[in-house]
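We call the chains A, B, C and D, going by the order they appear; numbering starts again at 1 in every chain.
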């Protein structure tokens, strides 16, 4: 947060409307510093997922400007989106794992895309799976995993590439309390190493535990932006 | 719980092993009365989903006997499974909604299967969606819903048919705390009306709030079976 | 009773929705069936018309009985009548010496000039004997020849065995090729159609999984797919029929002259109503078969 | 450089896994391409052999110059030589009076008995003039006839215009039918193949969606599918080639006699190496086209 002066993400008066007349996001302005850890909370349908989707260019804003890692999303050509996405890790609310591939192959997809040689990729995948307590499941297919295991595979895929930004949508919704703490600690540690982390979650217990910056959305508007408690940015 | 003497579900020394050598469930014996409300908890990979899958015959036990609504699952022929499933509502951990159908059509699938006339079906669907605060989304497709909205559609589909047994796997994982309480109250109310309800969940807060019977699984074994607090069975 | 009505309505509605929900996939199936049936149908048309040509050629097969010189016209006619009663003979026609000469002159063509130098007509009168269809083979002919042999007034019997041999082989070749190619084509069509629908169903396996989970019986899940298959097949058959008719009406007349050469004066005939319906029914059958094959692939959870 | 190697390896691996992961779907595509190419290929074979038959028949087309009576052999040869130099003439061959009579006798066949009564040979000597390929038409023939007309020693010129007319029409009909049916067949094949692969890709849209979400570029996502298409197409082409060869070797000999009737002595010829490779390449092209069409259907998120 100190060395790099530019923000990782900037939103200027961003609105998003899927259907004419209703807004999933309305006039949102925000700035996330590099290496910052941010919680996104709010009731179901508040626009959390929508906000994350805008950040990795899965949706285009209806109004306003979004600058991610120095690039203006609204002005991005088709061909500029993939390179941007390779610098962003995303944990999807519905995991989006490929049933026909093993756990290892699913995680390795994120590495194949950036051209990592196979041997190197296997080593990286093994190491991240081990951190998530999944190394013994690496040759299984997602369908034969429990919900929590699948969620961890999704997290592994998002982290394996050491992304500059990590977007996590409800990353612990299927985890028990103990695992939740383990995984959130892992995610938090990436922030210490300089990754900007945005976690959308309903679990206020976790939010309280970490004392990080917390942005609350309701009906597409920011209703609260609570600064982090204390100075340290990752413990 | 008083009028009907027979149990809704009985498990006798049930084990389930997907891969030789490892057990997802191990020597589980249980009995759920009709109209009983049971929480199933335990860490990720404990076997909660596996137990639910056995109850609606999505998997066969490796050992032991399972009697559901008077039928022995292990001895059920192919053709006897559908009629049994029509008496059981299931909320899946991954929702299992059809992206190509509207919310209304997704919920109506459970009614079409039992041959409910169309007009009647529409009325029932509307009523259950309204209870879940989703009536305005009934012509939307699941992809255009937030995670929490999709979860409620899955709940609606499980409930619309007034099943004798309701199995819910992590039904509030994508809901914010307020909605969670609303939905859990709705689910609990079905138990009062005589439905046997089994809810697998990580959220110990909810479990505590309702003071219901709570079965804790760990590595496929029952490690705790806490009886309900008090007498009333649904409030 | 009411339940059945509800269910039927559901099946039809679901099948219809299935068709509309995946228009590209459905169009592919219809088109595949259509194109395949155009090929099969064109082939059937060709065979059918070829058969009439063969029939016509077969009608020209005959045994010739050369009569002795010096018979009166009455005697000749008597012999002709007698031959007409022999088993296996369909009809007879008498060729007088003069007619024979005239035919020969025409047959020789340009060289006929040199016939003018002939003083006398050396050709005999003859009787052309057409055979019933079942005797139109080398052996059948030989039987007829045998039963005529030795008849009074007949000098010689010629059955053009060589030609018969060739004709019979050509018929066998064409029929064989026809049936063989037709069978290959039909098999290919069946495979392609079944697999196309299989893929289409595969693309909708989510739906089948969910239906199964909410307690749908196998027949409940399968019926709409089967209906869809039948409908797609029938549509494909209809498309094929229209295309064939268009080809027949629009394309063929341009080749009229050439066709005459190929078909030898047999004017080409399109399918009758029954055959047209059979084509559509074949399409429906293909669709049903394809979707049945696709749908019985086991999909428990 | 290293990146490119890594990437290439990835593409090949992914394409191969794609083929193996959905063996049924891949087999369907290969089979569809194979069957389609068998039809197209059988047709091409037929056309090719028919063309040689037509060529052979065309080679028999000729203008006949009947020579005046009473020329010496030397004079006749001189005229033949002269005619050989005329533009449009490919070759000439002299038929003496005796040869002409012998031919006529053979041509008449059974009726030849009556020629024995002739005292004198009334047939003229003639020169048969074969034309270069470009002149093998009614008008081309007329031009040659015109330039020979009035030549000393020539009594009459006959070009068998009627026959030429019929021949030319038959050729036009067959070529037209050939090209027309071939085009329809090729189009049908293209459609079926493209749509089969389209369905196959459709069945794997999840993979494309996820790849896109983790930042794969379009070319990165498409290349394995295109490779797969090419591979399936080439395999289909190979299958077609084998099937055709089997048909050619195993099935045709059974019809040898009949074939001779149809092909008129032209012995059937299979594809040469180049043509065989072209068939496989056509398959690969079809596969590439099909997967390209399937893959460029837009799949952002």
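Points worth noting:
What we mean here is this: a contact is a pair of C-beta atoms (placed from the backbone, for glycine too) under 8 Å apart; a residue touches a chain by one contact, two chains touch by 3 or more.
Since the structure is predicted, the reported quantities are computational estimates derived from the model, not experimental observations.
Of all chains, the one whose CA centroid is most distant from that of subunit C is A. Chain centres here are Cα means. That of subunit A falls 68 Å from that of subunit C.
Per-chain Cα centroids separate subunit A from subunit B by 30 Å. Subunit C and subunit D have centres, each the mean of its CA atoms, that are 26 Å apart.
Within subunit B, not a single residue touches two or more of the remaining chains. Residue numbers of subunit C whose C-beta contacts span two or more other chains: none are found.
Taken chain by chain, the contacts form a single closed ring in which each chain touches exactly two others. Interface note: chains touch in the pairs A-B, A-D, B-C, C-D. The part of subunit A that touches subunit D in the complex is made up of residues 56, 58-59, 78-79, 81-88, 90, 92, 96-100, 109-110, 112-118, 157. Put simply, subunit D touches subunit A in their complex at residues 2-3, 6-7, 9-10, 14, 21, 206-207, 209-218, 220, 300-301. The part of subunit B that touches subunit A in the complex is made up of residues 18, 41-46, 48-49, 93-95, 144, 146-149, 152, 169-170, 173-180, 202, 204-205.
Those residues of subunit D that touch subunit C in the complex are listed here as 24-25, 28, 31-32, 35, 38-39, 104, 107-108, 110-111, 113-114, 117-120, 122-123, 158, 166, 169-170, 172-174, 176-177, 180, 184-185, 188, 191-192, 195-196, 198-200, 202-203, 251, 254-255, 257-259, 261-262.
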